[in-house]
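In the two assemblies presented below, chain A is common to both, partnered first by chain B and then by chain C.
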Partner chain A sequence: MADRLTSRANPDVGKTVINGLALLLVLSYAVPYVYLVSTSLKPAADVQQIPPSFFPDRVTLENFETAIGTAGLPQAFLNSAIVAVLTTVLSLLIAVPAAYVATSYRRPLTVSFLLFALVTRMVPPVSLGVPLFQLLKSLGLLDTTTGLVLAHTSNAVPLALLLMAAFFENVPKDLEEAARIDGCSRFQAFLHIILPVMRGGMAITALFSFIASWNEFLFALLLTSQNSKTAPIVIAEFNSVYGLAWGPMTAAAVLYSLPVILVTLVLQKQIIGGLTFGAVKG
Partner chain B sequence: MAHITLDKVNKVYGDSFHAIHDLTFDIRDGEFMVFVGPSGCGKSTALRMIAGLESISSGEVSIGDRVVNGVDPKDRDIAMVFQSYALYPHKTVRENIAFPLRMAGMKSAEIDAKVDEAARILELTPHLDRKPAHLSGGQRQRVAMGRAIVRKPKAFLMDEPLSNLDAKLRVQMRAEIAGLQRSLGVTTVYVTHDQVEAMTMGDRVTVLKAGRLQQVDTPQNLYNRPANVFVAAFIGSPSMNLFEAQLDGETLRLGSQEIPLPAPVFETRPSLRSHAGRPVIVGIRPEDIDDASVTEKRAFAEISAPVTLVESLGAETLAHLEIDAPQVDAEGVDDGTEGRRPASAVGRFAPRTQVRPGDRARLAVTAENLHFFDRDTRLSIW
Partner chain C sequence: MKTFYTSAAVVALAAGAAQAQEITVLVEGGGLMLQQEMAEQFTEETGIEVNFVEVPYQGVFDRLSAEIASGTSNFDVATIDVVWNAAFADHVEDLSDLFTEEVRSDLPQALIDDANVDGRMIGMPAWANAEVVFYRKDLFESAENQEAFAEEYGYDLAPPQTWQQWRDMAEFFTTEDMMGTSVNGLNPEEWMAHVLQAGSPGVVLDEDGTVILDNEAHRAALEFYRAPLCEDGSAPENALEIGWGEEQNLFYQGQTAMMKFWAHAYRLTPEDSQVSGRVGVAPMIAGEAGIAGIPGPWYNVVPSTSENKEAAKQFVAYAIANNGLGIEAPLGLAAANSAYESYMDTEGYEHFEPLLTTLSAPATQGRPIHPDYQELLDQAVIPAFQGALECDDNVGELLEEAAEIARDILDQ
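What follows is the complex of A and B.
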């Protein structure tokens, strides 16, 4: 009897432990962001209170008013948006066809091509900063949106290429072949059949490219100064030699995180579809 | 519609793997030709070369009177049904079937009429607005068929289209495809590894092994007059029993037992006498081995063998026997034991047989139906 009870209870205990661990993991992700939001809603006096409080005693939007009123921040948001959108578009335009060719027509050269993309991900971005600075300077593109888009694209394309290659690997070759039998050239088969099938994969790749550019700090710091400063740089400047404006800084950071959260929510279906693409037989 | 000709077609991958060797045959206009063979025999490669999805290393493929070696698949005017169906997942059934017509630049009204007609034939009308993911396996198969028939191409190419269906549906679709092909009269090349499909569907069947043509013939001829040991064993279920035997005058020595051969055996195979005194490979179909104690056969030779297993299938009983004669491997692969180990054989007994495993059964062998093959060349002796 006791044995039967133990064996029946064990799975429940195991489930509870797993759920508890999962909750702990989720909280470890969520805590910094929740603290960011909480700080942005605290009055100035509470922000630097010692010991710090996790939740505000009084909720205020004064930090958001200060942040929005800060000179240069709205423009920096706009710059970030322009750079991130252009980087995303450009990365997809390069990576999608390149990944398709590299996976569909496997040759030693295409395999090396993908391997090289992987290698570039291993290079520390800081070591690319100086050559990029000199390159953009010689092209007259320092402190321009175009220059930053090119820099971000060079950073985003390898990741986009590897992601898209992984997605294309899961597209049955039969689809392209069926389209070719049905009257398509190779390019038409890619355009009419393969691309629409890859919507989920492209949504994920677009999101990752967008986030990579939207959050990028180092290249923006090195390659911009006045005209094309992006939001991460302006937000960092809240913390300057003239003082620590934690409240407005966290408020600006919360505002800056909203587009990414919104995009993720909007693309939720495609992202889950893309992540599980090929996992189960259709 | 068109005839399809393969003339000394070869396919070599890289420098080493020779997948297809000098494949030569003609598929007649309106004919249902089946390519059959074990995995890796090159049947799908041959089909894909006809489709233009695989390049040809040497030789010529013609569709109609046109050599199509360098012609793009889209310009060959063929339709293909894939094993996976290859339905476009983002398109509805209607859009899937209409796709080849749209690519051909047909007007919308005409496309709608043709799609509706194809859907009616394949009983897909209620599903036209669904996506493939919401269809059953059988319905997906029909959509793939619809996409093929809607164009009225010169030829249908089908690459194991039924292998993803369950057994019951496969039998149903087998009949439907064969019926559809007959009513449309379009030249069809059908690839399968299932010899039952090959035998029941094809006007003629091409048997391939390791990229080499073994025999092209009607199903009945493949069964009754196999060209070699491989075809004899591949066609028919259960397989033909193959033993090494000795031909002494008009008597066949099968291990320690003897089977007197009647005159018709030599009349239908004039060159058999030249093998007298030499070892030959003898083939006995399971239906030519019965339980002598209950058989209704009138002319038979009697031998005996221990029964190792009995499988009752209702209408018949399969008896597994151990024949006192050396075994022959149908694939021609000698692992060192060929010709030495005793042969396992299967007899198709009348259902009222009383034999049990462990019994020594008296076997009625229809000697007139025996098959003989040269031991060295493995070719049929006629």
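What follows is the complex of A and C.
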């Protein structure tokens, strides 16, 4: 009771507490990443220092030099980028119109369609590994960018579909109807009226699809060998049976995390718009 | 000997009428490093191209399992850890023909035994490793230390050879700034080596597959293993947080005077570590049954799903015939005695003699090649092992409980 009275008397106290809690939450997410960056800057002898030190006593870029010089890593980064971008584009091309139809024209079939998308999210990816392997092998797509993009898309589309369906649910029906009255066809209304409103939602969906593909490990391990191997596999190769090269591994991981951070910063406005989309209805 | 192998391989090559011009080999980083030069030479001599597909350590198992489950394989050869031999035994070719008398006589017996699964030779050793004793040469050679040790313990300070010497020296080197040694609480292989040193016919299981986890040798070895931690105070207290990486780092940072560790680490001592240039190596210590270690070999296997089996077998034969070609790679390991012997007098390879002594010791043998081994390890062995390292419980009782669990798993 006393606390409540105090915070009522001084609204800044409540705000400070909330900010403090938010800061703690952010720290709990950020600390492992900061430690990753810090480890990547430590000399080899200090990387596994016992007891461990959070910050490096001496800063060095030797781990980054080793990581960049690791055979296959630059190519793997490129492969990851190509696969993630293509997966994102393909997922959006499939999921956006599909989600629009499924939410705009409610029928038992469209409801089942969305439910099925939800169910596929519950299937452990490991159980799909062997069937996908057989499928791609029979199509001659093993160890190809196309094969991996298809595999990642099969994984990303249900997520994109569910996200986009949630965003479309918040679009007022009147908007499309008004466009139709003004002479637009359904497709024109979708393309020129609905989609521009959905930019924030699509940005978030694109980001999630991109991250899902960018970080994906299992399918990349099973379905690629030399030509289309992605960076998560090469980074994991720093962990060999006779030792874990922590320094170069963390340096490679830091480099690998940068594009996602950059994409998030670039799309920041749209993402925040998407997150708050439909939160306030007039 | 090498000449004979090469000739045999050449004959085998001639016999292979319809040859594939390309084979694909599944490897982990170590496998690539140790076999690349040999593969280049193989291609030069035979015209058969070798494509290595490198995956992370666990990826070897996952990838090969997926390929086998799919019924087809992109891989003609896979280089696998011995711990997977039982899992893949039914899905790989029998390579008995490649185990000629000459090949057998040039391999430590333990490596031949580990390749034998139900009478089939399922893989050819590619390289092997074993834990040996690492010690600080500067500390052992110090006149002051030698005098003080002889006075306190009544015998000369030299690399430890017995269990008692290990304990004495660990205790002697323990000061405020340094521990004598460390106890690895995450991996039981070191304890298993002591089990064999104590005269057990096997670790966890005997050769008939009967659970022997509660025999006297297992008990005595575990008592000895935990003694520096629980009785002598000569090892860091946080044993359950110490794995191989931590053991290695404690030693490199000058925080321990001795460790039992995989021999390959000798050549990988970081130049900027506190002990660089001051590391000595000796064979694994001995118990009542003499020196013994747990080998860590890798095997070249030919998956039954390979479409180029003949070329794959030629590669495997060539690899063992030219086993020394990978020694100059950073890991610097081989499987054949002759490969190790050829480098024993070379500077920088001082660890080969202790390694070969340990690998070839009569009491040395591998972990059980049993399909349920991993379950036995997870459910029975590790809980008892780690329970013992808490220093409170009776070792005999812990092992009896573990043995009961193991018997339940195996329906014995």
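We take it that the second predicted complex is superposed on the first by the 258 of 282 C-alpha atoms of A that agree within 3 Å, B and C clash if a C-alpha of one lies under 4 Å from a C-alpha of the other, contacts with A are read in each partner's own complex, and residues count from 1 in each chain.
By definition in this document, contacts are C-beta pairs under 8 Å (C-beta built on N, C-alpha and C of every residue); 3 or more make two chains touch, one makes a residue touch a chain.
Treat the numbers as computed from the prediction; the structure is a model and nothing was measured.
After superposition onto chain A, the modelled positions of chain B and chain C are compatible, with room for both. In the overlay built on the shared chain, the residue A:N239 is in contact with chain C alone; chain B does not reach it.
Among chain B and chain C, the chain that touches a larger number of residues in chain A is C.
Across the superposed structures, the minimum distance from chain B to chain C, using CA atoms, reads 49 Å.
For chain C in complex with chain A, the touching residues are 24, 28-30, 51, 53-57, 59, 62-63, 66-67, 69-72, 74, 81, 129, 245-246, 248-250, 252-253, 255, 262, 264-265, 268, 270, 272-274, 331.
Against chain A, in their complex, chain B makes its touches with residues 51-53, 72-74, 78-80, 82-84, 86, 88-90, 99-100, 103-104, 132-133, 147.
The touching residues of chain A, counted against chain B in their complex, run 172, 174-175, 177-185, 188, 192-193, 196-197, 199, 282. By the touch criterion stated above, chain A contacts chain C in their complex at residues 43-45, 48-50, 72, 129-130, 133-134, 137, 142-143, 218, 221-222, 225-226, 233, 236-237, 239-244.
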